[in-house]
């Protein structure tokens, strides 16, 4: 009927407006064609050569952190991750060392020349944390903690934003928009696996999210191979896939003694495993003619 | 092999410890056999007779809120919901009236004799909010905002905790444990649908979560029929299913003019629809010999 | 731009055609307003009073089947389910008694006055099976086994079609259309849970699928509480929810000795559990003023 | 308690048996360490150098098929896919040319020197199909059509088995076991995306399934980049990721005129797009030092 057709035309008009609205996102490629490059401690994330972010799941002690930092630094890498505020399913699990952990990170980072990435879980921690960290990580559980996104957007520090466990790519992009809308465009996106029915892996690495995010936004995109798989044996193949598909880098967890780690003991690499992993990645990238 | 068997025995021992640990949760039925009853404005949530929580998605104005409150109050109900701080996917969507919205809620609640439930999204808002609301709602996106859970646990106000979009029942129970571990046992759980592949509904109402939560914990359990379905035509059948399966009550959104609502316009009931919904529920409960 | 608007208008027109196409489905309410009633052995499925289909997961022996049939028959019920061809994940699991099982079902059904429902897994089995069964069940794994759907559509036997493990409601409706398009309109739909990330239940019962299927189609809709939950303790509450939300009946598995069952031993009811389940359901339906 | 500990030890023993059972699968690496190599028309699938399987979604005519075959053959490739029996959601969608389609495939294959892969959807079609095709494809919807798996296992033709839309990796491996248990070990596994909540892609490519399947079984593993993504713009990046992670090859759909294709028009490559795709893959593989 004619009425029906008019109704649909009206709906299309609404849809068009919605599409136009989408175009206007500040993180969108339509707003800015060139890749955003985020510089941290001399590392230029998003400039072509892959970035690697290694480190322990949680900062447990100076010694533990320093051992990992030393291994990272020996490879000529410039960034380290480590959790001080740990979001844990149970209130009775190890919750991280908090500010003490940030202090260790800063001290170790300074000693080994590494920029440090650490997760912040609530706006109230942000101010004090800014003195100790080089990158504010916003974790999967907090991807839609909008007050935290806005607070991070009001700082001048780079933000590493992880995709939520069940976030659509559209929601992920909008979460980044919360940060940039407050003035901070130093944002790195990180695909870290989504929750599906499959139980062979901790999460399901949504590898095709990488080229979609690169198309839709101008932001660098990393892949966290540890949390997406939850399996040490899958870190290397997934890291290769990430680089091959066009990710700007890879994150993975390293611990001097995974068996006694206070969190994520099943999935962290030991230092010899880390050496082997990185050698293999270098060989892969050399073949693939990527310089690091 | 013998070695293998010993390994497995060791694993079992670990598993046993884990199970024992689970038993120790303060929200667990194993810790407390009797149902927890949460009393708000004279309404006893969890005492057998179903509780209904209606109200607009967002507080938009005094008039809009008052119209809904009047309709609720005419039915002899004692609680109203209304969002002041709205977590929205896009930073450019209506974000709620904030403190102004809470003030409206309080004023309207006082006039119509209703206890008010409103979502708090970050610990920093909590202090000022406590003067205005009767129940702290923690929304799906913040179910694992652990700092917020802890902050709510340190108050003496009842907390309505919604299940996360992709939270397992086990994670949901542990989120409640974060609250109770800080001393606040006035917790109401709310199933509000989970994210699945099905697109006919906004989310998939996980109805069997209700009897599981009732078995595993001593807390009252509500079902939010609005967010789980996202469809006005499913509110009534899902509310009946919720009561039949043993939920302690139902939440649903009501707006004086859904077509112009600033959020969730597709799924809120108008006041005549609300009247019809409630009449049908009363008939259902009367048949089913439940008093309200 | 104008070009863009025309493009969208064209898209709308396509969408309209698609919607019109949808209207034309033979299973649709739009094609036939009145409820389809499927009569089996005197039981009128879809006529208002709930239908119950109980029976063992698999027919294992005459004795086992007869014990269950006796219990069903004592309750005045008229239908029994039992698997003869069992689709099993592993080729080394018990695969059912095949034709032998169908013969047992028929003999037991005749003795106790029960119509029998049994799953057929491939068109080649259909001809011989028609002599033994009253309802052709098409299982979840075969919901899109289109040759089987078409073959069942060419018979005159009622078909009980289960929703696929990850089928959308739209795909489910289209699977029923395959049957009806071949001339057989004696179709009963069965929601049996969908695959999600949640592990507390074997599948997630998508309870809101029931009112959607009742709205969209004119076919009767059952709920299989056994396969949707995989937990004996959830059978009763889920059966209540199914009836309350408007399902035309409930399916559940009963075995004389679940602990030694050759399949699904965790989720079948023993006969005393079955008696208790049915008593409680009768009480529930009496309250709810449903006659059986 | 001691009783509890014994119960758990007993459970462990059961679990051990289960694990041992798993070891015994004929498709398992534990049964056979060396990679299975499947030879089709001179192409050795699984021998290190990637295999490519291109072709139209559906065989629509001799001309359409021949145009694609010519393009494939020009690249020196040896295999072509094409659907003759099409499993479609709606009974009113194009269902394929059936036997006529197989005849076209054979004729075209012979002319251009290509081995042909085509989906068989029911055991009854198998006998006649064997004269026309070189590889029996079993599609996602039929991954647990066990009678079809058994029938394919009784032939001597290679079988390309696709993962079900919501199949776990464990179920996928067991489906392959159905085939091998009947004597046919010429099996190629194909990851083709799983159903998740994400809507940006048709399915979610579970890339980490590739290394898991390579570890757990001795069978070659392909990745279908067309069905996993449903987006032409993601074919190339996903194909690179597939090769990088260790897949034995890639499948993708090519049609002379995708806009008028009778199925999958949104996702097939045109012939110039196919040329570009293959050039880029060759460049990628050359860098990566893979010969083709």
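Per-chain residue numbering starts at 1, and chain names A, B, C and D are given in the order in which the chains are listed.
Methods note: contacts are C-beta pairs under 8 Å (C-beta built on N, C-alpha and C of every residue); 3 or more make two chains touch, one makes a residue touch a chain.
What you see is a predicted model, and the numbers here were worked out from it, not measured in a lab.
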Can you list every chain in contact with both chain A and chain D? B, C
Output for shared partners of chain A and chain B reads C, D
Between B-C and B-D, more contacting C-beta pairs sit at B-C
Can you give the whole-Å distance between the Cα centres of chain B and chain D? 45
Whole-Å separation of chain centres (CA-atom averages), chain B against chain C: 33
Going by the touch rule set out above, which residues of chain D reach two or more other chains? 166, 170, 195-197, 199
So, in the complex, the side of chain C touching chain D is made of residues 21, 87-92, 121-125, 141-142, 144-148, 150, 165-166, 170-171, 174, 177-178, 181, 195
Interface with chain D, chain B side, in the complex: residues 4-5, 8-9, 11-13, 15-16, 166, 195-197, 199
Chain C residues within the chain B interface of the complex: 166, 168-170, 194, 196-201, 204-212, 215, 228-229, 233-234, 237-238, 240-246, 284, 287-289
